[in-house]
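Here's the structure, in structure tokens; my notes come after.
The chains carry the letters A, B, C and D, assigned in the order they are written, with residues numbered from 1 in each.
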Amino acid sequence: MNIGIVGASGYTGETLVALLADHPHADLVAVASRSQAGKPLGVGIPRLRGSSIADLPFVSAEIETLARIEVDTWFLALPHGVATTFAQALLQAGKTVIDLSADFRLSSPETYQTHYGNPHPAPALLETTPYVLPELTPTDAWSQAKLIACPGCYPTSILLPLIPLLRANLVDPDSIIINSYSGVSGAGKKAVETFLYCERNESMKAYGVTNHRHLSEIEEQLSAAAGKPIQVQFTPHLAPMNQGILSTIVVAAPHTAGEAIHSCWESTYTNAPCVALLPPGSQPDPAHVSKTNRADMAVVKDNRTGNLILTCAIDNLVKGAGGQAIQIFNQLQGWPQHTGLPL
Amino acid sequence: MNIGIVGASGYTGETLVALLADHPHADLVAVASRSQAGKPLGVGIPRLRGSSIADLPFVSAEIETLARIEVDTWFLALPHGVATTFAQALLQAGKTVIDLSADFRLSSPETYQTHYGNPHPAPALLETTPYVLPELTPTDAWSQAKLIACPGCYPTSILLPLIPLLRANLVDPDSIIINSYSGVSGAGKKAVETFLYCERNESMKAYGVTNHRHLSEIEEQLSAAAGKPIQVQFTPHLAPMNQGILSTIVVAAPHTAGEAIHSCWESTYTNAPCVALLPPGSQPDPAHVSKTNRADMAVVKDNRTGNLILTCAIDNLVKGAGGQAIQIFNQLQGWPQHTGLPL
Amino acid sequence: MNIGIVGASGYTGETLVALLADHPHADLVAVASRSQAGKPLGVGIPRLRGSSIADLPFVSAEIETLARIEVDTWFLALPHGVATTFAQALLQAGKTVIDLSADFRLSSPETYQTHYGNPHPAPALLETTPYVLPELTPTDAWSQAKLIACPGCYPTSILLPLIPLLRANLVDPDSIIINSYSGVSGAGKKAVETFLYCERNESMKAYGVTNHRHLSEIEEQLSAAAGKPIQVQFTPHLAPMNQGILSTIVVAAPHTAGEAIHSCWESTYTNAPCVALLPPGSQPDPAHVSKTNRADMAVVKDNRTGNLILTCAIDNLVKGAGGQAIQIFNQLQGWPQHTGLPL
Amino acid sequence: MNIGIVGASGYTGETLVALLADHPHADLVAVASRSQAGKPLGVGIPRLRGSSIADLPFVSAEIETLARIEVDTWFLALPHGVATTFAQALLQAGKTVIDLSADFRLSSPETYQTHYGNPHPAPALLETTPYVLPELTPTDAWSQAKLIACPGCYPTSILLPLIPLLRANLVDPDSIIINSYSGVSGAGKKAVETFLYCERNESMKAYGVTNHRHLSEIEEQLSAAAGKPIQVQFTPHLAPMNQGILSTIVVAAPHTAGEAIHSCWESTYTNAPCVALLPPGSQPDPAHVSKTNRADMAVVKDNRTGNLILTCAIDNLVKGAGGQAIQIFNQLQGWPQHTGLPL
């Protein structure tokens, strides 16, 4: 089984390369990058110096070249907009494509245009591409798909705790307040003043207040789970750490005990190796899931206010990006979900 | 004007000493510490090595000794419970006392016992001690006080944005959801595994969920402002930074425009040199108020949800503790609030 | 092949557990801890929540109990002094012991007493226990050993670059100046004020100047390589990071070109998967070797001064402790050195 | 006394503005910036929001405009090369200029060309401009100067401990090995991938090995102190912190006791309020001098090796840049050196 990656210069791409290099059932035979073509992987990505693929040279990210490489499944770690072009061409060449960008996450071209400001470049493809959260999207909806959209990092940390509760009608869908905290790698490896060490160190800042692009993805998925259109208040923050996301969600559930929430989660995630439900008294921490594909989740019921406080921690680059893409790939192949993934 | 400090081994005490050493109208003549008595200040607190008071020796923290020192006003930076004993003795010796502990922040012995688990050691004193948030507590209520309770760090960052809006009836008092993020110095200088460098670095964690001790102080003050008992959802988090607090507050205000909020704040804080209202599009950041006595505040109205997102950043050790105590002291003396305080 | 670990509450122990849990040829069947006995590993060590051994309970660290467990090789991650007692008992029970403490690193009881202040508790055992730096200690000297001393973290980062050059007589052995920078995990998980987040963040500090305990180990090994007693200037520093060590070594080599150094390293490390020699122009960085068992090394010749600047980066908990212990274990079993080790 | 600043968008410029805004004897009347002209200072530099000059607008950095402003002394916080043009024009307009760039730090155009790769744009001016380390450059050499070159940050931390010892002939001038560690703000506020948060966090890296530009400045000053040309080994490193430099210097002094070094420092720095000599057993730490104009210094004599280990910590942006420039300015005016400077 030959696999390839397009786009390896960002943090997500690096993570994908590092994880796929060690996958027991798949051979990483091609890593394409515009800026690094020709260089060995171990030179372009210093942390891979000692790995088994350190000497593999980056290939050029030209579509025709890529289409001819003997690769069964391509992973795309490309900027929004760019991914669509590659996805179309590789599909036409008969390949399977797992896309980590935001290009195919929404279900309708209209919603896409509202949030991204321009028409979707391939509206028909958008409508047929499944969005797959591996623990929650029914497998029959995507087991034959040739193109799959992976969830964003914030949405992963929000949908995992909330979707089962909305499906089971255990919480008030109109009362959801989400605050999320992301490590700086979530912004990518862009040379921008805001992301300089001295700007983010000793800092904690809300951004994208009321209009972060992930909001549309979050609301679309939560609405589907609730069976009706819902709106949430989502406030993302940049925290001074490299990796990790913590989401703290407050939702009204005056008539539901904390135990009922825990039971609902347990029955949903009983066969989910990548989700851990924390015992009462423990709180999830990105430090505990760092470099793993695990989501740690906890719930506290406040009997005074009637609210639930749900918390979920993931590594934004692994369970929130590269690791989850591999988890999807594993399921497509019929392998255990966590094959080759650190937990 | 002679002043003194009891308790200087923690981060709050250090901050108080550093700020008062430079105060233009007051002489810091005594700093008392149980563990450091006899040592010069510049040895016990290395960052004061070069200051004007580096050679002043710590005095012993024995109550009778302190009561005899020629000091007009004592600042207490002591652990909860310990402060009361010192406050009582120094009041009896005719001194003015500004207390930074939580001992006198609540108004009733009953509430104190509920949250602290034991009866208050001086219930009569508790009931007569004013709680002073310098920008918001009317001066006539405390200008003659001999003992004053300073607000906690989280409450300062929460009450400054919310109290004016509740007083003006601009927001729904029953819908307040608060998430706060504190630097690790908020936990004090305790040698506890949880606060080791390697435990907090690359970490972000909720704690005290539903029952942090500051909750009682926050609700008491907000209820007073709203004119009726209210409950809030308060979730504090530890963030990987030394100093600073950011609070992100969501509150329903479907019928109030963001501009109305801004106007209300402007009229409240027009003569408040320690509060800065940020222009639209800017978000407060603890990095911007580090080592200052300033609170930076912003509001965003989400027209879609009808909610306001209020954010407020302070330095937990300055505006949230030592600096605010000096601001109160300045007002007691009739000096400009920010005398000797970096802004 | 059954293996066990004694001492898992520190950072080294945690790292060992995490790595051995995934070892392809060995079964981790017992993890002993005084403080956590009875608890599942996934509760005592939150980052192991999702691992295959999350439900394995810690066993009690009583020597007689451990001696009866069906384990072939025990890894000791215990404080100095404590390790000897366990090593003696487990050897008597016929087990193989790989000791990560400093108890058996020196070759003579006299040197031990000079640096540790007390007589060695088992001088005869000390003299016969091999000190094994897997890339450099000839295998025949230790392939039959039942007790092995693993190198310290600082020494690993210093001996790997220097020993080959001293053996080949390429540098002046009397001119070695070493500055090393360690992440805070090197100090262990001790609840001590010095290692609190706020004390180490934004800090950089020399410590143990002229008399760090690793000095004796470093000088003993370098002297053996040089064939004569040598002294070095070793100044360790604490750097504000969790993991990693960088050592910067200046040594006079007026008559040796940088290329000769590189060649010497290349011939020494040609079959060493855990050592990477960086190309000219690159400098090693603990960030690049984080969570791997790799040592990255570089050399720059200063033609102006005649000095070499050697730099070496490792992860102090992996190549400097737990990973290197497993590398030794792999070699003892005749498996490839890096079996089960991330590179 | 009116003063002005040209170049306020970098970290050094911001620090200068913040310090000069509070200077008791000088009025900051003009801050020039190419990119921010017209904006209020409090908008361009968020941490100045609450300061007395928050509403002062940036002026445009056009030379003719600046020459006409009623300013007695201009501080230049400009990139290398750019500073010369401004210095020439402002001198011609009769102003005093304190230059924080590297343009006038070396004494000869030849040395400049060797290290900067191009001819100096104003060689005659270079030769007559004094380089002023306020504690060590005799005042009569520069008290009438109209243009002054301020030392670099690394050199400040190296020259303060070494120059007195070389002048007194107490150490071997041919044996100096310097390792320095700088916070990331030393690299300026350039949007470059290397200085992104995720690249520097958990990292520690040597750079500019053998050829950092500050080397020429360091050697020129040390040679003058030694009375003969000397070479040093200087290896700078980037450490994961915002501010601060620590330099660790090893120098042979087999016949000099540590006490003699301390005495030499004491007699040199007895009237130097900005230098603190640490007692035996203490080590300097950038955390202790953060945001102050103080240099902390310590010496340890290693009787075994005959070497001294000298350590010096400063804040790179204050004592290493903006603060030191003000210290020079204060001396030029005949005010106490530390007027308006936090210690």
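Throughout what follows, a residue touches a chain if its C-beta (ideal position, glycine included) is under 8 Å from a C-beta of that chain, and two chains touch if they have at least 3 such contacts.
Not measured: the values here are computed from a predicted model.
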item: Selected pair, out of C-D, A-C or B-C, that shares over half of its residue contact pairs with B-D; value: A-C
item: Most distant chain from chain B, judged by the mean position of its C-alpha atoms; value: C
item: Chain A and chain B, separation of their C-alpha mean positions in angstrom; value: 39
item: Approximate Å spacing (C-alpha centroids) for the pair chain A, chain D; value: 46
item: CA centroid of chain A to CA centroid of chain C, Å; value: 36
item: Shared interface positions of chain D, touching two or more other chains; value: 183, 199, 201-202, 240-242, 285, 287, 290
item: List of chain B residues in touch with chain C within their complex; value: 11, 183-185, 189-193, 195-202, 240-242
item: List of chain D residues in touch with chain C within their complex; value: 177, 179, 181, 183, 199, 201-207, 209-210, 231-233, 235, 237, 239-244, 246, 248, 250, 283-287, 290, 300, 302, 304-305, 307, 309, 311, 313
item: Residue numbers on chain B that touch chain D, as the complex places them; value: 22, 43, 46-47, 49-51, 202, 273-274, 276, 278-279, 282, 285, 287-292, 294, 296, 342-343
